[in-house]
């Protein structure tokens, strides 16, 4: 092997690494660029009034408080639907299930559910909850739809958390004569709780940011008051952005508020995700097993 | 245990939130984006005087408004067009009797970018442009540049009006931009010097230039007198005669206070032509 | 109830919960078919899928979704073409090239990008990218295929990158050590050993990324322009299927022909994404148990 051919190979390596680094940094640049642009244009709209007041003057002034409240209700509702279903499913899959065709089908089902487009979820929610079950366009219908949307996320994270509990824990418990269910309830689940929490928080973030599932099932352009029952329509942050930008009555004048709403939504979702990431990092450091 | 406490708290919150509405009445309004600014302002004023009433308002297009009445998913359906025969039949099948309330007058105005030198067009020219048969502004007396036609999607009452007055069932070229609302059309035309669009009168503001049709400019006077060829009523539909809060809200819009709101938003009050000087805003 | 019965009961209850995912999937299919199938009494399947005219509210209406399908396909393909190199190279960067702290930072960046709500990206594309495109290239509109594809690529990259990264990690160390032992440089090892071994995982990543792009609603609704016609250039507007459904659903009267046609479009969309996901699932399972090659 001659040194010149070796040098040639190292040149190729530098080129390749350069490409690799370039692509990663382009990605980082895109993210930071978008965030920076929105922060710059939206920060002017942020104020205590913006977060606590309802919109005034055809939404050219005032705030987005009803949308924040609406998003809150919808997200909490989604978690109330998705978390129990998800955890129990995950517990079954990791603790009780025997390998076989049934489990394969369930897993395929979960993966496919994860891949269903959000607008199809919206159609489904419309057909089942709004119309057939006659809930109407409401927090209830929206929460159920969103809850099913985030179910695969919660199942996936819970499964991972449960699997990471060492088998020795279970074996020790069973060796002491504790029943299987008691083992799960008192030993496995508490140990897996931080991981499950992370997953649910990520699911929460996703539910807060989705628009298409709530377009036909829960969201309204403007509500005079805050919702007083789960059968009311609500305003919601992602839907608010969409309508103000595409279907509003004063699109240009509300532009600063649109940026502000986008910023609030981003802060909310990224904040939620960041909390989840930090919790996960803290668990990984704390774990002594 | 912490999980238990959190779960209990969550359930309590849920129950509190789920307590069914007892006293406050609910009005759900959906439909036309043309009527939306009127409904929005009226809503803001109305709720200050009637704090107990929960009103929720959405856009989506006249088709959505009428559908909401037919499907009984709304109390008031805003529409910038008359209900169609098929919709009346569908409503009858579902036991719904749509009643129209005229709340304002409007004119359908073709608009172009302010830099466009064209002053007016005929109905025939407008139709050919939207069919895609006239493709360059120089063919209608403008500069030598292509025409970008901006239209509304199928749920729009404004689109139906355009079809009624201009297209007369001829198909709009699929290459036309389909936008979701008057507001979106305004934004698009104000930013695109090749473009032409059409708006309800209340949306015609500084950023676009209104064209005369058959030599007549759209003003509150020409709209009411029908001298301007593309004038229309704006409706709120209800299922049967309205009752309770719904009736009060519609009565409010028809009242002088409500009609002042109509004029303030750039439309034409039903009582008569708006006084000179008012009408178009900003 | 004695312990054994209690255990069996719990197991049965939990099993039924686990079936929920399948149940929901089934309910979705049932809902879609129930509301969408009736349209085929008016329009043949062939006319629906391949008809060139989507005029659902005209008199008489025509329900051909071919332009919508073409629109979906074009933006997805273009988005994937942009996203594959960026996604895989970024995955390579994170898995093989980046030093420790940078690696964690980039993993967080990918996760944060994945968490960005689609409406935010749609807003950005509509309000920032579109005017820029329109002014820079003197276009009739900035809401077109190029814009939509770029934004969709931004959404697909995190999926592709994170799954590819997992696949690259899963390549046994022995492969890399063997390659180094034979005198290969790092980049040669990556290109000729690691990536080929991870290829099944990477293909899964790409397919799932495509599935995400084709099903994405808000971005195409706000950015792709809405013209239901076969595009003639990359700067034309299109109307992908999810955009059409979302835009028109509000006004289609309950169980009218239009309503049914939209649900039928939903059926088509659902099965396309289902196919993508099943293929990805198949690939990832078939090539899963790659042994480490040692005893």
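Labels for the chains are A, B and C, by order of writing; each one numbers its residues from 1.
Please note the rule applied: a contact is a pair of C-beta atoms (placed from the backbone, for glycine too) under 8 Å apart; a residue touches a chain by one contact, two chains touch by 3 or more.
Quick caveat, the model's predicted, so the values are computed rather than measured.
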item	value
Chains touching both subunit A and subunit C	B
Farthest chain relative to subunit C (centres taken as mean CA coordinates)	B
Two chains sharing the most contacts, counting C-beta pairs only	A-C
Rounded Å distance, subunit A centre to subunit C centre (Cα mean)	17
Whole-Å gap separating subunit A and subunit B, where each centre is the average of the chain's CA atoms	35
Residues of subunit B touching at least two other chains	60, 179-180
Of all residues in subunit C, the ones touching two or more other chains	250, 254
Residue list for subunit A, restricted to those that touch at least two other chains	246
Complex contacts: residues of subunit A adjacent to subunit B	56-59, 73, 76-77, 80, 136-137, 139, 193, 219-225, 227-233, 243, 246-252
Residues of subunit C touching subunit B in the complex	53-59, 67, 131, 134, 140-141, 143, 225-229, 236-237, 239, 247-248, 250-254, 256, 258
For the subunit B and subunit A complex, residues of the former touching the latter	3, 10, 13-14, 17-21, 24, 26, 28, 33, 36-37, 40-41, 43-44, 46-47, 51, 53-60, 73, 179-184, 186-187, 190, 203, 207
Complex contact set, residues of subunit C against subunit A	3, 6-7, 10-11, 13-15, 17-22, 24-25, 27-28, 31-32, 34-35, 85-86, 89-90, 92-94, 97-98, 106, 108-113, 115-124, 126-128, 154, 157, 161, 183, 185-188, 190-191, 208, 211-212, 214-218, 221-222, 242, 245-246, 249-250, 254, 262-263, 266, 269-270, 273-274, 276-278, 280-281
Touching residues on subunit B, where the partner in the complex is subunit C	60-64, 66-67, 70-71, 87, 90, 146, 148, 153-155, 169, 171, 173-180, 188, 191-192, 194-195
